[in-house]
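What follows is a pair of complexes built around chain A, which joins chain B in one and chain C in the other.
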Partner chain A sequence: MNMSTESKKPLLVLDDISLSFKGVKAITDISFNVYEGEICSVIGPNGAGKSSMLNVINGVYIPQEGTITFDGKQFNKMKPHTAAVMGIARTFQNIALFKGMSVLDNIMSGRNLMMKATFWETALNIGRAKREEMEHRLEVEKIIEFLGLQSIRKTPVASLPYGLQKRVELGRALAAEPKMLLLDEPMAGMTMEEKLDMSCFIQEVNRNLGTTIVLIEHDMGVVMDISDHVVVLDYGKKIGDGPPSEVMNNQDVIDAYLGVSH
Partner chain B sequence: MYYREAGRLVKSFASDRRMLPLMEDRWIVIAFLAFMYIVVTATASDYLFSAILIPMMVLGVATLGLNIATGYTGQLSLGTAGFMCFGAFAAFNLVLRLEMYLPFAFFFAGVIAGLVGIVFGLPALRIKGFYLIVSTLAAQFFAEWVFNAYPWFLDNNSSGVVALPPHHYKVFLGQESTPFNAVFWHSYQGRYLITLTITLLLVLACKNMVRSATGRNWMAVRDMDIAANVIGISVAKTKLMAFFISTFYCGVAGAMYAYCYIGNLDFMIFNLRRSFLIMFMVIVGGLGSILGSFLGAIFVYGWPILITRMGDWIFGGGTLDTAFVENNSKIVVGTIIIVLLIREPGGFAALWLTTKKKLRSWPFAN
Partner chain C sequence: METFPSLLKQHATQRSNDTAIRMKRYGIWNSYTWQQMASEVDQILCALAANDIKSGDRIAIIGNNVPELYFSIVAAQGLGAVPVPMHADSTPHELKALLKDCDAKIAVLQDQQQVDAIEQAVADLPNLDIAIYLDERGMQSYSTEYFKSYSSFLQQGVAYQQQNPQFASEAMAQVSLDDEAFIVYTSGTSGKCKGALLTHANYVATAAAFISQEEIGTHEEVFAYLPMAYASTLFHVYTLWMMQGFTINCPESNETLLIDMREVGPTLFYGPPHFFKMLHASISSRSASSKSNMLDKSLAELHTKGRSFFSNLLVFNPIKDLYGLSKVTHAYVGGDVLNEDVFQFFKAIGINLKATYGTTESAGCVTVQQPDSANDKSESNVGTALAGVEVKVTADNEIVFKGINAFKGYYNDASETQAVIVDGWVHTGDIGGVVNQQLHVLERSDAISKFANGADFLPKQIENTIKSSPYIKDAFVTGEDKDYISALIIIDGDTVGAWAELRQMQFTGFRDLSTKDEVVELIAEKIKDVNASIERIGGKNCPHIKRFTILNKEFNISVGEMTRTRKIKRDVVASNYAPLIDALYSTTDKYDVVDSTGELVAQLRLQTA
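And then the complex of A and B:
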């Protein structure tokens, strides 16, 4: 998607976000926009505040200052539940799957907000409870097919290898049919082949479903290939923001990555 | 056509979601239920009903209740017997004061116990693990204290124990004098059938919950509450609902314990020791398993009885004294808990699943 970002409307606006933990500043005055339908990469050296940024966006951390505007609604304090209701789904850097549950149940749980059956109905397996299980199973099976997880749908996730677990976590996030997908290092620790698969999945989701994607990634090759927009953080400050080609040639960014002699 | 899983292609989501996907399993369960309902009812002795079958089922329901909180939702609790006590006293008072028919009294006793469970589950919103055990322990001591301190709950009976009068045993069809009630409540067969039916209904309801969104939410909170929150599950609501349903089961079990098993009401029975025993049943049987809840209850409750019977059989009647049996069962259950915790944290239920898995490819190693 190489449309110019100016013609699109921002889905997410972060305005002057500052976050600190007992005086230790993790993020200082960061503002940037994520536009509808784009793939936005957040990059930066370790400890730059990338994961904290993602945690601020979906309300796991509450920033001391600044506002988050998502889909036209402004929040001072985003809560994880509100974020989920608004249509933000995410994956975690250290896989946060439900280890004791099967792949199918993990992905099904991603659709919990759409299931309206009360526990009475589920206990008696009547009405909505029964109907919803079937309807949502159909959607979940589409995701399972898309991600190629058919053969392991009944396997407990704890027994799966790392790469597959990452894929299941993406599946759980996709199951919520989010407007925006936050991916925290979706390709970390993967083999070249797994990385290729994963970047294909991400691009397909973006193109076919129109999902806006914010991802954190360290592999510069991948980042420059698939991103429409790159935000660079260093020491909790934003040092670059723009299309990949522009960011790549930004002197501050080069300094942050290669170091600079003082 | 023999028992195997391979080659059975599932053709619809509905059939994939069945409680028992294998046709043979369904027949086995139907045969088992028919056996329990017809053969056992017709042939078992009063001893078998009153000392083995009824208490095992009642304790199985209590274990299932604790398993919903601990095994499925990850909330440790030591208040099980206390919640049973609330259920038993609630049923007694509902029958005594509102002249409720017993099946309704059982249900509402469960609801009352469930509401008490919500109150004592509130700390779970803030604390986890061992700290939560301490707060649920409060439920245990509160139950023992409140029913001791206020004789009103016992119909102002000074002795602390009330034998449940026959006129309490009413079903919908009228007073205790009707033949229907006489058959159903005043014979061991009748109490057995009622216990069996309630147990079956509660097991079905639990199975339905754990294979749907309710159960997925419980397990999500158990496995990783932060991720559960991020995907939109309300962790607080899920925990409290799990506590409600868990203590509902314990409450019904308590009411059945009083009315179907021992036939009197005594808060001393629902002591901390019983809470621990039910926790052992959960550990031995298998955390997060319905089958395991009953296997655990059968084993922990049945072992001392088995030892006594074996002793009688081998050495002649009455040779083994009760102290020996009690100590032996402590040693055996204790050892099994240690071995299981190290070798197979999933308990008997997991052993059964592993065996099934091994048999799938037997005689070839897998």
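And then the complex of A and C:
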């Protein structure tokens, strides 16, 4: 993935995005591109606007200014449903799984948008519904194998350790076969071993499935290791944008992380 | 008697639509009928021929239990070639040594793990022409000249078959009973690996004797979970399956093994001692963490009142069901000695468990226990010889056998062959005795030594008694030329973890757990028990276990501390842990474990029992 950014095609273009809540500015005039096939990390201190940024991308928040272009289509406001249909999937900072349901059912729910059978067909498990169920189950099983979840496929999510729940959440996002995957702190609260596993999975998803990944992460070691491209936010503004090596030496970034007074 | 390929032909005509083999893939059991299996075997056979494999060539089979690898074995045998099963997780170094030794021309691999290993060794293997892989994931970046996918390989077979429609049947008809059916590498508790040559007749005749004595049926369900490179798998799974035409079931992965086993519900089950020990530890730990003491009560009742309807209904049957053992009618343990307490536990819950004794050189089976009445109950008893097999002990108490199961010799190693086959008797290297026609296996000949007081030191008996605790996974005892025994103990992380949780102890992991005061006490208690009856266990004048330590990690297979059949390699452990063992024979009570850079990894506590 070490091609220069100019030669790559942007999948997502954010142009002059500003977002405020009742006058409090969360994001100010932010523009950056996410290129096809890359792992792009968004980093910054607490409250820098990282999660808000992600919420803007998949349409949870509607920015007051600016446009979003995804896969060649321009939007003034993205809606969550449109984002999902266009191929943007995400995971959440706090795990948002169906706790009482099994790993299999949780991941299956990620394919919801691809199921075409009607309510009655599904309720009676006839015709198209049955066929669909089998097709989708196969795709879900491939994800289960990929993430090594075979031994817990029928286990209720609530009884799993945190690290595994995070993995299930990644599985559910993958089940939507997204073009772009938004991961909100996928490694927060994990042990070292779990972090290593998770970064391997993220890299494999990127490499083997070709999925573009936008990642929010606090662990700088992980970010610098796996990212092709890093965007740094501080107080809602972009202060750095480029390959990890370049961003690491950027004085503004160093200041933001070491806490220079504003 | 029939060869393996002709047995396959028979099943394909007589029971064409019965299920031959099942494998769980993507969460669903997929099956092949005998007819489907036979036709895929024909295609593989033709593909091998298309790749210039001839009768007598060696074919390496490397992977876990999957249908295609079993098919490849029969296909190789059908062509008169010799399959050589190897472990799925072999290191490049191990694979290179074995592939070179057997001079394999082709290798059939399960997935990328083996492809990677072969790729690293390939420069030293001039005769290995081609490697076939089953799983195509992650294979984009490898040489397509050398590594071929199984699907494209089959295509070659189909094309060859169209040109020569009768080829497969003709080739199979030429295979004779005296042809070699397998080269099986010994796992070797000592010395280098040796490839034992075994014929179709060895397997088929031995299995016929076993089947008639044990009344094995034609509709058994067998769970194929042990590595294919085990001599016991080739006998208890492959040969019995091909003889009887029942169904074998391959698990989805090693992690899902217990779940898959429960779904299968095998009727015929073979396991090594460590598997039964693991089940026993898991059951004990569950019982300990439940509020009810019904299991203990019901077990105690067996001695006084016998088996009651209620204890079966409420305790034993549910336990068997939970571990997939409810349908087992034939259960065997072999490969090593299973501790008597664990053995009797399985008998108590209603499983007709029998000990067997076999070696790589004996096609996997020499003796099997007779029905209960004929047995004496000591744990070393492995029963009587199969019909057609003679077994005795030499003047030095070494177990020797001859008969239908005796192998031809080691591949390309005449001197080893001469050392092992003397006057037609195959020497096993195991020490034991025959009492009332029952064979007793005590210890490997090279593991026996003497204490300083002159008494014989047979470590296995003592280790096995220590290991009867569900909290102890492994134990290694030393005492040669000493006046007391010292023990290295490895705790079972799962059961001790559950035990500690029950007591609301805080711990971070295995290493932390192994140094906790309470855990040390738990182990000391067991050592005390063993010491109380040490002369009964270790023989007359056997000294006590005076010192022990709990290790911070398990014995490692990849550095050779254990064989792949999970037997301790005594010389390797003794040399790897030499400074620690010396410390156990001094007065210090601490031992620092340092890594290669000299950094402190752990501090072991040396206990005096």
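Here is the rule we go by: the second predicted complex is superposed on the first by the 260 of 262 C-alpha atoms of A that agree within 3 Å, B and C clash if a C-alpha of one lies under 4 Å from a C-alpha of the other, contacts with A are read in each partner's own complex, and residues count from 1 in each chain.
The criterion applied here is as follows: a residue touches a chain if its C-beta (ideal position, glycine included) is under 8 Å from a C-beta of that chain, and two chains touch if they have at least 3 such contacts.
No experiment lies behind these values; they were computed from the predicted model shown.
Peer 1: Considering only the touch criterion stated at the top, classify A:Ser109 as touching first (chain B), second (chain C), both, or neither.
Peer 2: In the superposed model, A:Ser109 contacts chain B only, not chain C.
Peer 1: Please indicate which partner A:Leu97 is in contact with in the superposed arrangement: first for chain B, second for chain C, both, or neither.
Peer 2: first
Peer 1: Identify which of chain B and chain C touches the larger number of residues of chain A.
Peer 2: Of chain B and chain C, more residues of chain A lie in contact with B.
Peer 1: Does the superposition put A:Gly221 against chain B (first), chain C (second), both, or neither?
Peer 2: neither
Peer 1: Using the touch definition from the top, say if A:Arg172 reaches chain B (first), chain C (second), both or neither.
Peer 2: A:Arg172 contacts chain B only, not chain C.
Peer 1: So, does A:Leu138 touch the first partner chain B, the second partner chain C, both, or neither?
Peer 2: both
Peer 1: In the superposed arrangement, which partner chain does A:Asn208 touch: chain B (first), chain C (second), both, or neither?
Peer 2: second
Peer 1: Once the shared chain is lined up, is A:Ala123 touching chain B (first), chain C (second), both, or neither of them?
Peer 2: First partner only.
Peer 1: Of the two partner chains, chain B (first) and chain C (second), which one does A:Val60 touch, if any: first, second, both, or neither?
Peer 2: Only chain B is touched by A:Val60; chain C is not.
Peer 1: What residues on chain A does chain C touch that chain B touches too?
Peer 2: Common to the two interfaces on chain A: residues 137-138, 141.
Peer 1: Taking the complex as given, what residues does chain B use to touch chain A?
Peer 2: These residues of chain B touch chain A: 13-14, 16-17, 205-206, 208-209, 212-217, 219-220, 222-224, 226-234, 241, 245, 288.
Peer 1: Which of the residues in chain A end up touching chain B in this complex?
Peer 2: Where chain A meets chain B, its residues are 58, 60, 80-81, 83-85, 89-90, 92, 96-101, 105, 108-110, 112-113, 115, 117, 119, 122-125, 129, 132-134, 137-138, 141, 172-173, 176.
Peer 1: For the complex, give me every residue of chain A touching chain C.
Peer 2: 104, 137-138, 141-142, 144-145, 148, 150-151, 153, 208
Peer 1: Quick check on the complex: what are the chain C residues that touch chain A?
Peer 2: Chain C reaches chain A through residues 26-28, 137-138, 252-253, 255-256, 259.
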